[in-house]
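The same chain A turns up in both complexes below, where it pairs with chain B and then with chain C.
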Partner chain A sequence: MSEKYIARSNGIAARVLDGETIVMNVADSSLFTLNEQATAIWEAADGVTPLREIVSRVICQEFEVDFETAYRDAEEVVTGLAAHGILLVSESPIT
Partner chain B sequence: MSPEACHDVNVEIGGKAIRLVTTDPDFQASLAARYRAFLNPSAAAGLELSIQLGDHPPSLPDGDVRVSFQDGQWTVTRGDFRSVWCPESGKGVVEQTANLYSIDTVLRIIHTLLLVREGGFLLHASSAIRNHRAFVFSGLSGAGKTTISRSAPADAQLLTDEISYIRRDSRGYTACGTPFFGELGVAGENVGAPVAALYFLAKGNENRIDPIPPAEAARLLLRNILFFSDDRELVDLLFQAGCDFLQAVAARRLSFLPDERVWELMQ
Partner chain C sequence: MSTLIDNVMSRARRLGVPISVQLDLTYRCNEQCVHCYLDHGAASEMTAGKVKELLGELAEAGALFLTLSGGEPLLRGDLFEILEHARKLTFCVRLKTNATLIAAAEADRIASLGINEVHVSLYCSQPALHDRITQVPGSWERSLNAIRLLRSRGQNVILVHIVTSLNAGDHQAVQALAHELGTGFRIDATIIPKLDGDRSTAALNVPHAELVEIVTNPAYAGSADEFCVPDSAALDEPLCAAGHNHCYIAPDGGVFPCVQLPLLCGRIGQQRFLDIWRESPRMKEIRAMRRGDLPVCSQCSHAASCWRCPGLALLAGDLRGPSVLDCERSYARTGVAPTGWLRTD
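Showing the complex of A and B:
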């Protein structure tokens, strides 16, 4: 299985309010709300840490969920955020 | 041939003065009447706009508002006006017909651009002062902004029934009166007070206040802020301004009946 690397897109504004992250795509002012797990993925999206490691190190430990379930959910979150231009996804590190 | 005499009015809203200059004395009189409560001849104007009246609108009919910044100048156009101004020189022009609605829109847009760099904004909201505190009631058309303004008690000072002016300074957030009105047809009072609360309006069967999760409050607030520029830096600033505001000011949902009893909750 190939690795996935994720990075926050440019032109994104974000703030954490009461545990939820509000994200705005500045290009079109569209707004999104990230739940706690999506927020954890968002915060860890440094472009160089593989998604598998983010899930293993952050999601599984913080939310006490098994890896397979967490990774499947994380892929879904990442795909959704990438579709809205909020996250960049690549099979190689994004620097 | 001698140059035409100029006539001006100095319109101060939220502590920011903009001088409007015209060669048409009748239009100057119209401006003075329109912004009567907001005239301050002695205020230092940060911007002077020369209004050039024509018989026909300068832009395409039915054009949407377009705001752009290029080569140090802001350009704002709509079907009925074209305005260009330079923030550095503090000078600009407005080409329009003798229509107060056009200059009114120009002023609104300029104030959104001025406020955003200070963490403030214009909001689709009515607002009023009671007991030295400002209450802001936000909602889109039909939400009840004018209704709640009409039902305000005699001891309330109406700031606007349509566009609220939220200014940020070292003491926090202040709601200021504006001449921008909605169905009420009356300008607000030229006063200001610290914002006590922001309510998102919902018509209901009783008067009640309910909490709103912060994320939902942010969505509602950002949806109701007036902003026309797609400049990424400014949009980012606006987003941060909205979030900062919500961290400082209580935001609630206000369900209300269309009469004065709702004001019993605003003490």
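Showing the complex of A and C:
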């Protein structure tokens, strides 16, 4: 299975409000709220850490969930945010 | 129905987070609009370094929606340095400008920075009257050219049409122009007195018949709910967003609950932003006020629907009294006389 690397898009505005991240795609003003787990993925999206490692190191440890479930959920979140231009996804590091 | 943005604003208010901030970078302007509420005299301005430090404090305080305005912000040679820093801190930036100083190079930079919206004032569909209002020949042409440059680069632009007694009757043509240019369109029919107390600009407010057409026409106002009616009718609701999830910062660092509420709460450079936001007695006083505390307005038949601006009420003489301009809007919308108009003697 290929690795996935994720990075925050430049075309976004974001702020944490009460533990959740409010993210806006500034091009079309679409607004999203990320729950705590999605926020943890968002904050770790540095373009060079594989998603698998983010899930293992951040999600599984902080939220006490098993890896398979957490990775499946994380992929869903990442796919959704990428579709809205919030995250960039690549099979190689994004620098 | 409540939208996600309503939900975010409401949560910010409940948590006491200043999620929306207007920061005027200068009061200097290269136009001299006849209805402007500002004194364009030589007010001091924070340096770019001080503004960037402030932006860091605002981000830390939870501010997300940042409106950069003036005066004309492009008169500052360091505007792009400030914009770049604001975007680095992931603010949602809205830039208010007359756009006359935006040529191809500036349009390129704005479009590349991820500015959410550029708001450009346009007073008329034709050059002559617009230029008469700005008192700068050629300003209409320059604003229009800039809008085209921005739009050709995919930049969101909102054309803001302020209606006065001078340009009344042109709003359909301006809206058509906005459509042709591919911009959004907003209309504002309230001319407020100058912040220094000079009330001469009040005479420029639109005639009643025109006001009725604007405040009752969903084609201009969006939905009547959005334009005229607050989210909740409850008298225990706050007066407005000012001091709850919104504030205004002047070019010299003065912090106010809102640009239209000239109650100085503190000054950046002397205090940290969060200390002013949380501890200023004036900020706390505004925050504690509820619609039910207003002796006249709480008894008014429009209490549930009036979009009363406390700043306009203050400029009319009493923070807790009626705002004459909003009484007129309520009357124009409903035909029912507001309590603020009734004699009490």
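Going forward, the second predicted complex is superposed on the first by the 95 of 95 C-alpha atoms of A that agree within 3 Å, B and C clash if a C-alpha of one lies under 4 Å from a C-alpha of the other, contacts with A are read in each partner's own complex, and residues count from 1 in each chain.
To be clear about the criterion, contacts are C-beta pairs under 8 Å (C-beta built on N, C-alpha and C of every residue); 3 or more make two chains touch, one makes a residue touch a chain.
Values in this document were obtained by computation on a predicted structure and should not be read as measured data.
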When chain B and chain C are modelled together on chain A, clash or fit: clash
Contacts of A:83 with chain B and chain C, given as first, second, both or neither: neither
Which partner reaches more residues of chain A (counting touched residues only), chain B or chain C: C
Touching partner for A:27 - first (chain B), second (chain C), both, neither: both
Touching partner for A:18 - first (chain B), second (chain C), both, neither: both
Partner chain in contact with A:48 - chain B first, chain C second, else both or neither: neither
Shared chain A surface residues [contacts with chain B and with chain C]: 11, 13, 15, 17-18, 22, 24, 26-27, 29, 31, 33
Complex contact set, residues of chain C against chain A: 4-5, 8, 11-12, 15, 17, 19, 59, 62-64, 90-93, 114-117, 154, 156
Of chain B, residues touching chain A in the complex: 213-215, 217-219, 222-223, 230, 232, 235-236, 239-240, 243, 246-247
Chain A residues within the chain B interface of the complex: 11, 13, 15, 17-18, 20, 22, 24, 26-27, 29, 31, 33
Chain A residues within the chain C interface of the complex: 10-18, 22, 24, 26-27, 29, 31-33
